Amino acid sequence: MEPQFKTIGILAKTNHPNINNVLTILLNFLQQQQLKIVITEKIAECIQTNSTHVASLEEIGSICDLIISVGGDGTFLAAAHASVQAQIPLVGINLGQVGFLVDIYPQELCEKLQEILFGKYNLETRFLLQVQIVRNQQIIKQEHALNEVVIHRWITPSMIEISTYINGQLLNTQRSDGLIIATPTGSTAYSLSAGGPILHPTLNAMVLVPLNPHTFSNRPIVIDSSAQIEIRFGQTRQINALISCDHLEIPQVLMSDHILIKKYDTPIKILHPQGHDFFYTLRKKLNWSVNNNLP
Amino acid sequence: MEPQFKTIGILAKTNHPNINNVLTILLNFLQQQQLKIVITEKIAECIQTNSTHVASLEEIGSICDLIISVGGDGTFLAAAHASVQAQIPLVGINLGQVGFLVDIYPQELCEKLQEILFGKYNLETRFLLQVQIVRNQQIIKQEHALNEVVIHRWITPSMIEISTYINGQLLNTQRSDGLIIATPTGSTAYSLSAGGPILHPTLNAMVLVPLNPHTFSNRPIVIDSSAQIEIRFGQTRQINALISCDHLEIPQVLMSDHILIKKYDTPIKILHPQGHDFFYTLRKKLNWSVNNNLP
Amino acid sequence: MEPQFKTIGILAKTNHPNINNVLTILLNFLQQQQLKIVITEKIAECIQTNSTHVASLEEIGSICDLIISVGGDGTFLAAAHASVQAQIPLVGINLGQVGFLVDIYPQELCEKLQEILFGKYNLETRFLLQVQIVRNQQIIKQEHALNEVVIHRWITPSMIEISTYINGQLLNTQRSDGLIIATPTGSTAYSLSAGGPILHPTLNAMVLVPLNPHTFSNRPIVIDSSAQIEIRFGQTRQINALISCDHLEIPQVLMSDHILIKKYDTPIKILHPQGHDFFYTLRKKLNWSVNNNLP
Amino acid sequence: MEPQFKTIGILAKTNHPNINNVLTILLNFLQQQQLKIVITEKIAECIQTNSTHVASLEEIGSICDLIISVGGDGTFLAAAHASVQAQIPLVGINLGQVGFLVDIYPQELCEKLQEILFGKYNLETRFLLQVQIVRNQQIIKQEHALNEVVIHRWITPSMIEISTYINGQLLNTQRSDGLIIATPTGSTAYSLSAGGPILHPTLNAMVLVPLNPHTFSNRPIVIDSSAQIEIRFGQTRQINALISCDHLEIPQVLMSDHILIKKYDTPIKILHPQGHDFFYTLRKKLNWSVNNNLP
């Protein structure tokens, strides 16, 4: 029997104290399986290894048939961006602390990867958002986001006025620090800090969360993931806004620009070990243990 | 051309100062259309009218082919409960102030009803929740709710411990005053006061909102409306809980009871005037106007 | 040199697994110091001991010159209620997990008590609230609370309407599940679960926190602790409310009753080991550690 | 009898549609009283008037004995900054919509000013915050704020790590978008949008409100106004933060800078018409009317 995947790309959070240990175990395991291994330059700088290829993120995204992310959810986000065009499946290994996207612990790495390589996994798809910035009827910039798109006031001491249209219909005009549009994946990230609800990963929905809105009744609203969102700004003055897609920033968005946000055509594929339990991760990450020493 | 509906049931918020005016206009209009009219006893007590039938809510639910609710969202809820078994469509007339479910104003009543009677309407379906209370493996009580099911501590000064299972999988165990499970319809009612998000009415989802949880990270979670929810209590002491379905209360639920909640098979049908706009109602009800005199 | 305190009352959370160990160490230590020891009946039932006195909470409150509470914040609350009339100082020993009021760990018990007995301690006073229920111009019930007074809807499916007057001036009329009035001590208890802010223990202030208010802008408000608060109900129907003082409940408050709340004349005295740090306790209890594995 | 004030400075929100009307009435009234009037250049540009002096904000702050602010709370903030050094009392006239600081309506302007000029007023003092930025043991910048000091991440896609010390003692280290330190005056402004409580204006307290904190239990904390706050940053990388004092921004604060915040020595003095009621303003501004058409 042959492994399902032949060329394995690896991304890693190379500034983590435990990374060398975990990478050594991972590379040894993959070499024993006789797989072709492609690593990033950062990994090549921090670990001595033969029989590996060094490549840029773009190359990894085009030549591999599986990408392994070693680190936290942030590293996984970078891996997701690299993999999305080619629809390469992703596996997430954490560094001792579970993340929402990285659910294999270092100590079970070989066992779980063995299973995944030979087809024993749960395949999960997660959708991304596509954001387009339109200036004078032209798309001047296009990005995508697995977690969230954030529209944020920038270099202005006062709130910005944001009008949101859903499928061409006005939702509202709000004054606030900005607006988050998050996927279910992103609902447990920045959106949660801003007061948004948790969306189950399988939900075909996205959530709009205002940032510190002037009107208290501007509450998070959950809409279908098929909706087309358009953002316009109310100010006429030439102040600026800033758009973030996951952690990539697009500054100097003008008050006259329109922002279009919708579900991206191609989802990413995540391979989980069998028995993966989202609620378990949620309980771990959010410290949902019942404190038994209550008064 | 004949009207689509022949027998019209009417429910009304009879203790509202403006009710007699609106009912008079409504009854005159329906009589001119030569329709059979069935009213509740309460309405019969407050208004002089001939050529109408007086019936109980149950009868109205079985003999009419359209139910008109005159009042606020509360009256509409009662109408929904009366109509759900027979799947009779509902129309909501407000008393001067728009509600999420009652979108026809008294002054446009005749015009809008005329259109609806002759087939010019938007049909919307809204799902209900079904709740079953299981004691010693037996369903001892069953109810349904259009807005929300609330599990609440009752006659106990301390928080209750609630374990929630979704499709048989543990979500979490929380200490709190209780838990709301709301439909999209209910997401703009009690759930919103308790910190829940707004769910768009067409979303196939429900939201679980903890009431004053001991652990702050116990945040609202939105799940698919096909999920089966089971609630168990952590305490062994014989204190009680209370279940509310919309505004109907089921007291003296025991700590050993299990509560099962899922989507109810039969949705209700709401007829809106054409051009109905949920976001407009949202902006009106939540005072989402931008204050233009900000500093 | 003589110890400052001669007769020591002890209260304990007797259903905690670790309680026998801690009580044995505590009693041995106090007996070695030749102090007179008074314990509750519950303690007498769970531990074999000579040379101790058994007494009711009321007696303990009248004959001791120091009370030691062993358990969580709930046990300490009971001790506070027992001590307040006679102004006896309190010491709080936890059972392995720090509480806001119980800051001595079992393993440092002898050392810290030794210091406290001989005058090395930080004295902290905490004020209580006094609540009076007025029916037909007569005070029919009077209680006090160290943490909070809660006015709560009771056996009614709908919200109650509460009008709050501060020093005779209307603050507001709100529809909600109820209202919490918390001291700084109580600001880290139920009030925090309901969305209230943390008040530093030394602040001469109290906080009013609405419970799931119908109007979202009904936000917590912090006022001077010298203010006199009066609560009236808006309903004319004979439904009931319920008042909780810490964990003691006063049911069947009528809609026609007035509730008066103000600072209680006599504060309680807490003796802390020297170097006591409220912020440290806050960080511990609220898990305020920075997560270093952020993306 | 002579008026208490002789030289009246005027600031105005000159881009408001109603401003010319109100200024004309105001200037006529003051001229009839034979008072010396000093206006800003902006006012001089928008209204034709004789027998007035035009001066800069700084001059107005040094030569007047009363300052009248015509506009919203934002204009009043500017007036407060101009008046604070010379301790000149302030009167706030709104433009038809009440503000927390501007409580005289245009239509009652002459009557109320007449009373105030002849000593019939309620004097209220409000404290300000002083903020100092310390770099290499030197104070490189100093500002003050009537509403709030905000520390905010700037040109960085990720949260900043902020350590807060109160009177030299560590409160906590948090990851967030930033931190608001608000006075009671500011507690009804930006702080409220960010989830902070309302502080009664007379309270000797300030509130620390985290902006979208990574840890949900990082809740607003209210401390005594005599406390000295020091902020340090956790990052070692040379990213920047931004400090806002009311609406004045201090950009490019370094991660190695320390920020010191404390109560400013000199409060501002506000003159209110007699019978001024803070709770009335609160109810008006926050729409705290009870909706009587609840279900």
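The chains carry the letters A, B, C and D, assigned in the order they are written, with residues numbered from 1 in each.
The rule we apply is simple: a residue touches a chain if its C-beta (ideal position, glycine included) is under 8 Å from a C-beta of that chain, and two chains touch if they have at least 3 such contacts.
These figures come from a predicted structure and were not determined experimentally.
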Per Cα centroids, the chain farthest from chain B: D
Shared interface numbering between chain B and chain A [over half = same, under half = different]: same
Distance between the centres, which are taken as Cα means, of chain D and chain B, whole angstrom: 45
Approximate Å spacing (C-alpha centroids) for the pair chain A, chain B: 37
Chain centre separation in whole Å, for chain C relative to chain B (CA means): 40
Per-residue multi-chain contacts in chain A, two or more chains: 158, 192, 214, 216-217, 219, 247, 286-287, 294
Overall pattern in which the protein chains touch one another (line/ring/star/complete/other): complete
Touching residues (chain side chain C, partner chain A) in the complex: 16, 72-77, 95-97, 99, 189, 216-217, 219, 247, 287, 293-295
List of chain C residues in touch with chain D within their complex: 158-159, 161, 166, 169-175, 192, 196-200, 202-205, 207, 214-215, 217-224, 234, 277, 279, 282-283, 286-288, 290-291, 294-295
Contact set on chain B toward chain C in their complex: 155, 157-158, 176-177, 190, 192-195, 211-214, 216, 244, 247-249, 251
